[in-house]
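What follows is a set of structures to go through.
Each of the two complexes below includes subunit A, the first together with subunit B, the second together with subunit C.
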Partner chain A sequence: MELHGTQVVKYVLFVCVLLALLSTSAVCGKRLHEKIYESFFGGSCFRRLNGTHQTGCSSAESGSVGALHYVDDNNQLEFLLNSPPAPPYAAILKSDFFTRPNMMRLKNEGGRNITAVIVLNAFNNYTGDTVSFSHELKCPNQFSGILKPNSVETSTCSAMRPEDTWNPWGSGLLHEDFPFPIIIIPDNETVVRLIECFKRFNSFDYENQHLRSLCAVEIKSFMSAAVSTEVCWRRSNYINNLAQTRYCDPLEGKNIYATLFPRKIVDVEEEDDKRAAQVDRNEKFIMVTTRMDTTGMFEGVYGVGAMDSLTGYTILVSVAHTLSRLLSDKKQLQNSNLNILFMIFNGESYDYIGSQRFVYDLENLYFPKPSTHTAPITFDNIEFILDLGTFDDITNIKLHTLSEFPQAKTLLTKLQKYGNTPKYDFNINFQSSVGYQMPPTSAQSFLRKNLSFPAAILNGPPKNRFYHSVYDDGANLKYNYTNSSLDYTKLMGQNDALKYFHSEDVQMKIRNVSAVIAMSLYEMLAGKEYIGEELPSPVLIDEILYCFIKSQNCPLFFAASKPNSFTKLPLIAPNRYISVNRDSQEATIWTYRIMGYLLSQKIPNASQENCTQLPKYWFAGYNKKGECGITTQNFSLALSPAFIIENYNWSSGEYSTWSESTWSSLSSRLFLRPSRTHEIITFTTGIVVFFISFCLIYIISTRSEVLFEDPGPNASTDALNPPTAC
Partner chain B sequence: MTLPEFFGCSMIAFGPPFALFVFTIARKPIRVIMVIMAAFFWLLSLLASSLLWYAVVPLRGVLAFGAVFSVLFQEYFRYLLYLLLRKFEEGLEAVADDRTLVDNKHVLAYVSGFGFGIISAMFSLVNVLADLTGPGTLGLNGGSESFFTVSAAQALSICLLHIFWSVIFFNAFDTTNYIHVSYVVGSHLFVSLITLLNAQQLYAASLTINFIVTVVSGILAFSVAGGTVRSFKRFISCQ
Partner chain C sequence: MNISKATGEQKLQLCRTYFRAGFALLPFLWSVNFFWFFKEAFGRNSYAEQKQIKQYVIYSGIGTFIWTVALTAWIIIFQTQRAQWGATADYMSFIIPLGKP
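Let's look at the complex of A and B:
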């Protein structure tokens, strides 16, 4: 027996070796689902809610599955909408086909046949003037601006007259609610994979699609919030005896501000009524404001907002930097009580979250917050507000005011004067626009509270075809990084600037606007005309744009941090969507740092040990050796007051109510979906096998005596023999 | 794998064993216990073979190695089970109210074979089913759509084979018929190694061969258990 056993083993080993040699590829450690599914990345549309509605998309809870269908002309769209053979489908649209009419047809006529939409990048080299891609409303922030009497709609823009709107190319899809998930594929490799899969399995013999396996996708982006912020906020705050579940988070960020001159340090009382006494009535501020954020429809694939907000942002930083160099000493001021407050609001794309909160804080004497040890500010402290809007066309700029007020008039004459001074050759045309035709920017939050508030908005005519979209990037702005490696903290004369930049470069155009604004403000502060040669540095503008358009791993961000705090920063632009509190808030952190660095007054010969207490801060500096500066920047909360007011009426429209639904996963994968026929065949076979075996075995078991009647020669029904060997 | 496919495959693989269970085992508690015990022995064999696979690092990637030793372990544990059952036969006689278990040795063999078969089929298929929770089927990166049906059929054949093998095997030791023992070990190895062809998607070939072996083993087990052409004819003609 043992001998026999070893022989068997030997023989078997021989066979096994033979087989192993024959099939070297036999080994596959892969799990089966890896062979079935291929994950891919897509930026997913998600659900946002306001006080009364939900917008965006959500998949089914277990994921939405649809067979791919590439829609590149209207015939294909008709095919999908008129009882297609193998529903449900996932429509692939090129980005130039991702238009409002098409999407509304898919939503309204598609019914249950359409379970997902995939958007592919088609604008690799967009130059044509016919192309546009903007999902924002034609009137951004339509319901939160200056109001007409007895109306909830803003009076500064009317969607009925597209030629007068602030975003004429807007499709408004960002504010629609879709019953299916939508994802955008930023990566060309994935685009190719999807289209190849579609061509290989789906794009032939369309009538018989239901008879074969089709290439399909599953998109998981289930949103836990529904109906409106009111509902999900109530549900989130309902604490049962176990744990709190969050269904939605309010959009929340930080506003960054900095003053031109440091303010007096005082101890601020915590109690409201005592704080009022601490307000310094003599202190006056000119506020220069802009917004920090941009937005987009797809999570993870936000645009950098190059034209829609970054130009204004860059102008503000450049103006602030220029003024801090030109007016480094308070003695140069005509009125020593006058200061400039540079304010960068967050969340302005979502019904002015930042500026609404700022106005609310001013009303409650809670700005700046007591922990900054500076006196609270009221509306009376504000001389006027100069708001920087969008600058799509940097040579034709309008100064918008609701009604005429003296400071605006003075400002306009100064802007016009410097804009056309032959010596500087800026050639910028400033015009005045008085009336309700106001661009959708932060100043509207102030004017909404008080129509006679002195607020002026600088804004160019809308020319951005990619407002709030992923294509609003460096190419849209026609920006190329010059990388001159010069010291961007120094101002630069006209001749030097022209050595490194062409006058048509976007850096120079932005510099020109900032120069005009800076000079005008200089004149208002110092009381004398600016006649110097020093102008804002296009190098600084080049660096700011590089940091926010191309990569965080940029010299300016290193200079504005502590020395050696990073070795390498992410090679992508910081995310400028406001997002929720738990998010990383990259753009806010960097804005805070560069405002601190660029506005700080350097203390020469200060050592690092003596530079640890704010407002002193130890920066790496341009040459990375470390330098000490007196900083003035700080932050305030940009969270809509709606979320802190008790029993707020969510449908009143008074404050922004935007919130973001939570989700557990965003994922998408590609696979073959079995045909209905195949499923039915398998199922039927199973049923048949099941019943046949039941019948057969029943018969055998009832008649087993007949079947096994003869024990046969080998049978051992007697008492057993003891086992032999072993 | 979609829901209809899931149920289809499950019923192909487990429908016949379920029917066997319902009509021949479920009514007698002692048989159920025997089935569980046999399944436990099969699991022990799996543990042993996995330990071996884990220990022999260089051969971890070679499926054939694992398969061969797993088969040998299974047969060895089948033998251990046989020894155990024979040893405790008297005790069994005392507890069992089911006289057939003691009177007809083949019933014991059949029941323990069923335990082996059901657990082995479960292990080969549940693993596949578990990976298939989702809407997709094979075919995107190679692989055939019929994979699941083939796996299910394979699991069914393995389950039936274990029943036949146990009947032949137990009887062979009772009657010291080593040709039958070597037939069981040999055909088990053969069937396991043939399934390696599935890697090249020769499903039809491997499945046909497996079912031929199943039928041959079935006939052998039938004759071992006392079936003859005559009794089969009588069975068919309902006499």
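Let's look at the complex of A and C:
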């Protein structure tokens, strides 16, 4: 058989394709990229912005690539910083080596040689007192709160005197801008994989690293926003923005509040000027506040904020629950116009977003929102504020005030009295601290507006070495779930409590503080000393901590929801970082529900049909059978006023301006990066082949008559045969 | 389009149309005109309309040159100064790059 040139080419091509197909399917069905890359999970540092700066990290747009290099001593760091042989590198740091001096050297001296940093979990058994891991500033919320005159810095903390700061272990890395991505590896298997890969390919014959393939990572965490919130917010809202790109979103969440007694239902006017007339001047509130949120540096690996905010949170919920049991009837009150407003602010880690917004709403008579059908509240309605800060050391607590005021004095004597009553054996030492040395908590937002505002903060001395980090977990708090299965909605006497808990357990310590605060507030409301046996339940505290430290699949969350609304909840703790509006807001939802449930007054024998209209709500309840309660909880927006004020001056520092950049993907993968020589050879070969093909085609086309036989004008080898007559 | 078979009158018509249309802020039309009719304008075989065509080609060439210089200058200035101009530059842009000042 005679074959034409074209047919030969076709035949060869066909065989080649067939062979190729057969060979790949015979080996395995993996895609090429799966053979080259191995994906792994790492919590990624991302970009946040405020009115004037950007902080955090971003990779290159197509991902940052670097050869792994394990840095476990200063020599390895020097190796990376002094013209290493095969740049760029990705430095692997153990978490105890992830310090400010090391990171600042990598940032400032690394230049283009450092393209990524990987942080490994090395604190599996952190017991040593020398270990610390906190990326928050030494003075959290340093540029907000009560400010020095004519300055943008707070007057309640000075970073110059680290011993007096509120977070002496803070490295401030959370507020630095890094030109490379940083990821943290939370799981130990990946840690082992990375180190093995490094040892197998990289950790020998360092001088000749550039001559061989190296184990490398590619990290993608490219951030859309840049410069500052002012810039990215302007760009996101810009009308000509054809692609409708969002560059950043403001940090946004919800504050949750509940009152001890239900408030009067009234129809509230929507118009601003009419609302003023509806304020009830006689209504008075004692506000008890704390914060809901915590934060961390790495997306997806935030940490539960056990010590930095969960203790205060638990105390508030416990106090609220106790008072709602002790004072279930308004007739017990000395002054029937007095009520307690429990307020849990969100976004306080980011320049007091929640409390700033609350103060702003009060000024505009927009709290509570008109849809709640309750009269607006003004500053004059607030008797005083008791703010719960951090309780790292639960036996020594200070009552901080800017200046002395009568309610604080009264409160302090009561706290001291109950704290040292021999009958209850709490042994908590309450001291007074008057002056500007105030902890960075929500009360500062009120004091900033009016320095003589009656606000007091309960706060323990700072002892938390893992403030705002992934290691601030149950172990940091020395918390172990007791799982006593008792009814946590009931109060508990001292003897019962000691049956199930040791007096040294964190549950008991939190209970003691809650008890003292609850009793003091009880005395202020009821006008008589508390002499009862019933105390806050450590079982409830145990359950709250379990839900927020270990797992959302906890009895309390089921009880606070409608019956049978879930079969199973996620087995991880709810995310307590404020995040942006589009995020799931788990902590807010659960706070809303448990505040509703624990403060509600049960209506005995009410049926589900008669319990559909708020404030009545049908809860699953402790025994999951369903119960009807009159609730008082609600929410208000925790979005900084900076985002709603027209033409806000972003550099003024008046309100929080934090926003989060958007990103399209966060991913990381491991692969073998060929040596530079190898890469150059591959590239040059490609170019050479490219030019050879040009020459070849030129030669073929000029000699086409010789190579391909001209079949003549009437031959039927045309691509399209003319149709025969039909 | 092959203009080799067109008459001199048609060529002139075409060249003139391209030149005039270029005033509607279409510098690319001028550059097309310039290169397309370059051979006609400066070629050896002369005909009655060649002089006029030559005129249009030269003007189109000048126009193209001015536009090129102006655009290049503007692009260089804008790209280097965009970040400093801040809001003003953002308002001039339809597509703002991601992750950059």
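Everything that follows uses one rule, which is that the second predicted complex is superposed on the first by the 653 of 726 C-alpha atoms of A that agree within 3 Å, B and C clash if a C-alpha of one lies under 4 Å from a C-alpha of the other, contacts with A are read in each partner's own complex, and residues count from 1 in each chain.
One rule holds for everything that comes next: a residue touches a chain if its C-beta (ideal position, glycine included) is under 8 Å from a C-beta of that chain, and two chains touch if they have at least 3 such contacts.
Since this is a predicted model, take the numbers as computed values, not measurements.
In the superposed pair of complexes, A:F671 makes contact with subunit B only, with no contact to subunit C. In the superposed model, A:R234 makes contact with subunit C only, not with subunit B. Of the two partner chains, subunit C is the only one that A:A243 touches; subunit B does not reach it.
Taking subunit A as the reference chain, the count of touched residues is higher for B when subunit B and subunit C are set side by side. Once the two complexes are overlaid on the shared chain, A:S58 sits against subunit C while remaining clear of subunit B.
After overlaying the two complexes on the shared chain, residue contacts for A:I680 are found with subunit B alone; subunit C is out of touch. Look at A:S224: by the touch rule set out above, it reaches subunit C but stays clear of subunit B. Contacts of A:L458 after superposition on the shared chain: neither subunit B nor subunit C is touched. Listed in rising order, the residues of subunit C touching subunit A in the complex are 86-87, 90-91, 93-96, 98-101. Those residues of subunit A that touch subunit B in the complex are listed here as 1, 4, 8-9, 12-13, 15-17, 19-20, 23, 25-29, 31-33, 35-38, 63, 65, 197, 213, 215-216, 218, 669-674, 678-687, 689-690, 693-694, 696-698, 701, 703, 706-712, 714-717, 720-724, 726. In the complex of the two chains, the subunit A residues touching subunit C come out as 58, 61, 222-227, 231, 234-235, 238, 240-243, 245, 247. Interface residues of subunit B, counted against subunit A in their complex, comprise 1-2, 4-5, 7-12, 15-16, 18-20, 22-24, 61-65, 67-68, 71-72, 79, 82-83, 86, 89, 103-106, 128, 131-132, 134-143, 145, 148-149, 152, 171, 173-178, 182, 185-186, 189, 193, 196-197, 199-200, 223-228, 230-232, 234-235, 239.
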